[in-house]
Amino acid sequence: MTATIKLGELAEFLGATLRGSKEKEITGLATLQEAGPAQLSFLANPQYRKYLGDSQAAAVLLKAADAEAFAGDALVVADPYAAYARVSHLFDPKPKAAPGIHPSAVIADDAQVDPAASIGAFAVIESGARIGAGVTVGAHCFIGARSEVGAGGWLAPRVTLYHDVRIGQRVVIQSGAVIGGEGFGFANEKGIWQKIAQVGGVLIGDDVEIGVNTAVDRGALADTVIGNGVKLDNQIQIAHNVQIGDHTAMAACVGISGSTKIGKHCMLAGGVGLVGHIEVCDNVFITGMTMVTHSITEPGAYSSGTAMQPAAEWRKSAARLRQLDDMARRLKHLEKRVGDVTPGSNVSSDG
Amino acid sequence: MTATIKLGELAEFLGATLRGSKEKEITGLATLQEAGPAQLSFLANPQYRKYLGDSQAAAVLLKAADAEAFAGDALVVADPYAAYARVSHLFDPKPKAAPGIHPSAVIADDAQVDPAASIGAFAVIESGARIGAGVTVGAHCFIGARSEVGAGGWLAPRVTLYHDVRIGQRVVIQSGAVIGGEGFGFANEKGIWQKIAQVGGVLIGDDVEIGVNTAVDRGALADTVIGNGVKLDNQIQIAHNVQIGDHTAMAACVGISGSTKIGKHCMLAGGVGLVGHIEVCDNVFITGMTMVTHSITEPGAYSSGTAMQPAAEWRKSAARLRQLDDMARRLKHLEKRVGDVTPGSNVSSDG
Amino acid sequence: MTATIKLGELAEFLGATLRGSKEKEITGLATLQEAGPAQLSFLANPQYRKYLGDSQAAAVLLKAADAEAFAGDALVVADPYAAYARVSHLFDPKPKAAPGIHPSAVIADDAQVDPAASIGAFAVIESGARIGAGVTVGAHCFIGARSEVGAGGWLAPRVTLYHDVRIGQRVVIQSGAVIGGEGFGFANEKGIWQKIAQVGGVLIGDDVEIGVNTAVDRGALADTVIGNGVKLDNQIQIAHNVQIGDHTAMAACVGISGSTKIGKHCMLAGGVGLVGHIEVCDNVFITGMTMVTHSITEPGAYSSGTAMQPAAEWRKSAARLRQLDDMARRLKHLEKRVGDVTPGSNVSSDG
């Protein structure tokens, strides 16, 4: 399960400048503090530079500017974090599934499964579905009618795609994610909610990642659309007809209400919520647990909520907050009165 | 997979007044802007009236008052949104499961499955469970011991019912939902949490919908109860012994703590949280991400949280908020002093 | 499915003082208000003392101090809630799985399954995994390569462990939980997110409980670590490399960002969110929906957010809050001006 790769091979793979023994064997990755003599480490964040000198790592990925500070072997690169990202996959202990269909899988006669795809135990693939080359469909996955998974995709065990979900190439979906569930569409007739069939599908671009137990609902009429390179963390809710622009990333527990449109290269921190039918422009960063109730038209960072306090102080703040409108009024009144007494700037105060 | 229905048939189905060709064939639904010449559209929200004139739709569901504004074929109804809801199911591409039991399903000898029910691949149905007529149990579903699904229910693939979960008629449950999980019940003995068995069940009424990855915990002693017509969106948490009144709807990511009781015809927007052991009366609307920490006894709308700001401004507000108690005190003091100085109504100040 | 136990046996089991008939048969548990003549109840919370006198319970678990107030049979104990917790398991209708492997399960040749373990239908156990004595692996569970479940564990149907997840003894995991998913690790290269392989695992202690649809991500390099006795409710998100101290409990919908470290004996109420790379010391209580943006170094209770108001009032508060920095400035200015006019106490006012 553990790869062994020579330092010289890693240098070649990364296009790095090697300082040290190209024959040294690397068996894994670790932080500067924890790396042992067969492990590769990296220095990306300057705040960890203090651990560099004493690191026991077999070698360190670092910038030229940091090379002096480490006496051991090094792979010198322009962007150590990006290099670490690239090399990390070489040491990934994640089992690789062999091509082929597990005998227990249930696959519709007219589904198309590429011979170079891997279909796990108890997977169900429905009529008209298409699984591309090199795709891994984990155990217990369900691929609904006419749904498609593009080449190079990786579906963890227990991923559900409803019908008419089209997924691009190299898409990664973690366990428990559900793509294409029926969105929350109901018409209220005299207090009774009548269900509206959700006849749209889901369209997911290339190089998307979808986290554990995340839900992406199908469209009510048109499709819900996730752009290329979008990264969705765990426990996220994407409602019907949401559109997410390319290369936008969302941390865990975000909820996006129906028909909201989010631009490209946005970042939503954990627990953020967006109401429906709004638009967020490109390059917006929203801090954790912010409630977004209207469209955002200017790039930049946005927040809501209050800062944490000891609970006893918080109770006072929270009580005062409810008096804030009254306070504002009293302040204005007071200003007026003081203005009466002490007229503007030309105060004739005799102190 | 796509239905073709004549306009005249739709008029009859809806009890609508047809203006146009009753032989025209409709193959699907779309918005006014996107509908093509074989698709039916609708005008419900007045803000979309601007798209009516130019719509390419084969026909439009609309009110008599809007009929003039559209030159093409129309189905005139009293409530176009409700009519759209009703007609949407005719064009739903969702596959219909045929009655019968998939040969891979594992069904206890003493479970009762109606011959008109459909049981999907790899479903597991435990001892004493009962599945009613016309029920669809999707692939990978688990129906625990003695649990019941009433006639006409539809369980998406991968729904889990623990034991002793009783579900009414025509209930829809989306993938990943878990009904009857063991609630969070622990007794703290000298810092150690001791588990309390959750011996109650779950009782779910008729016409309920439960969304993707939503959890409804079983009762600690008595049952957790979900009323008739309740609609729960995705990623919702319903704790043990919660009671939800008929026709209440909750958007995604709501969390309800244990033993809280919610009235009828309430609406909880996304991300709302309720503490335990409180009561919310009928006809309450709670806005998104509100934290409900005490009972609500009057119908109406309720909110908490703060409005979003650019992050730099927000940091100032958040810092000031922590000074709010101090500000309130200073304001009061100032009022007193200014009152002393400036003889408000009848101040006899002698300084 | 329902146990019948004599009152005398219960007294012996609990070490309780029995007042009444040791031959009386108990068939279940219920609250004081709902208990019938064959059910045991308990009085732990003083606010329910009012129901004691009229309770129809067969017997009541109570403290000596409360024994006078109940005329019927009683089991007198020092801690009635803890006694109820202990006795609750005797009446749990949860089916007990018999040891053995369901014929439909798919188990790798080199996986080790203890003969006293129970493996449910359609379970998949991968290469090198180890399942201890007395463990229940529910239907549709997936146990990844080299993962281990210690003796006495109970996995509900449909639990997913990725590879290299090590779980201690007597751990309970509810349906839909996913342990070892790939954390949200990406390096941003010129606006494009590059995936970082998550090569760490997950280490879970003894006596842990993990709720429905909760996610615990694997570590990026080292392991994500959950201490002994930790209780995680439903719908929780634990990101990569989080560390949680022994006997800490979290209510539903909590989200913990990457590399954050939480102490022992902490309690996080529902919906709390923590940013990444912070530390929370032992014995901290965080109230519902609080956003924790920095480390906590002192034990105690902490909060953020605002109190709920009727929405119309809330809108005013929220608007005023955005003016708060301005208000604070004006207040200070006014204080200065009033100070100019009325210096301290010895005011020489000319009103």
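Per-chain residue numbering starts at 1, and chain names A, B and C are given in the order in which the chains are listed.
Just so it is clear, a contact is a pair of C-beta atoms (placed from the backbone, for glycine too) under 8 Å apart; a residue touches a chain by one contact, two chains touch by 3 or more.
Just so we're clear, the structure is a prediction, and the values are computed from it rather than from any experiment.
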Study note, to complete from the structure: Shared touching partners of subunit B and subunit C are A
Exercise for review: Could you work out how far subunit A has to rotate to sit on subunit B, using CA atoms and steps of 5 degrees?
Suggested key: 120
Check your understanding: Between subunit C and subunit A, is it the same set of residue numbers doing the touching on each side, over half shared, or a different set?
Key -> different
**Study point:** Distance between the centres, which are taken as Cα means, of subunit C and subunit A, whole angstrom
**Key:** 25
Point to revise | Multi-chain contact sites of subunit C, meaning residues that touch two or more partners | key: 104, 122, 140, 158, 176, 213, 235, 253, 289, 305-307, 309, 321, 324, 327, 331, 334, 338, 341, 348, 351
Point to revise | In the complex, subunit B residues that touch subunit A | key: 1, 28-31, 34, 79, 81-82, 84-86, 88-89, 91-95, 102, 104, 120-122, 138-140, 156-158, 172, 174-176, 209, 211-213, 229, 231, 233-235, 247, 249, 251-253, 265, 269-271, 288-289, 305-312, 314-315, 318-319, 321-322, 324-325, 327-328, 331, 334-335, 338, 341-342, 344
Exercise for review: Over in the complex, which subunit C residues touch subunit A? Could you list them?
Suggested key: 104, 106, 122, 124, 126-127, 140, 142, 144-146, 158, 160, 162-164, 176, 178, 181-182, 184-187, 189, 191-199, 213, 215, 217, 221-222, 235, 237, 239, 253, 255, 257, 273, 275, 285, 287, 289-294, 300-307, 309, 313, 316-317, 320-321, 323-324, 327, 330-331, 334, 337-338, 340-341, 343, 348, 350-351
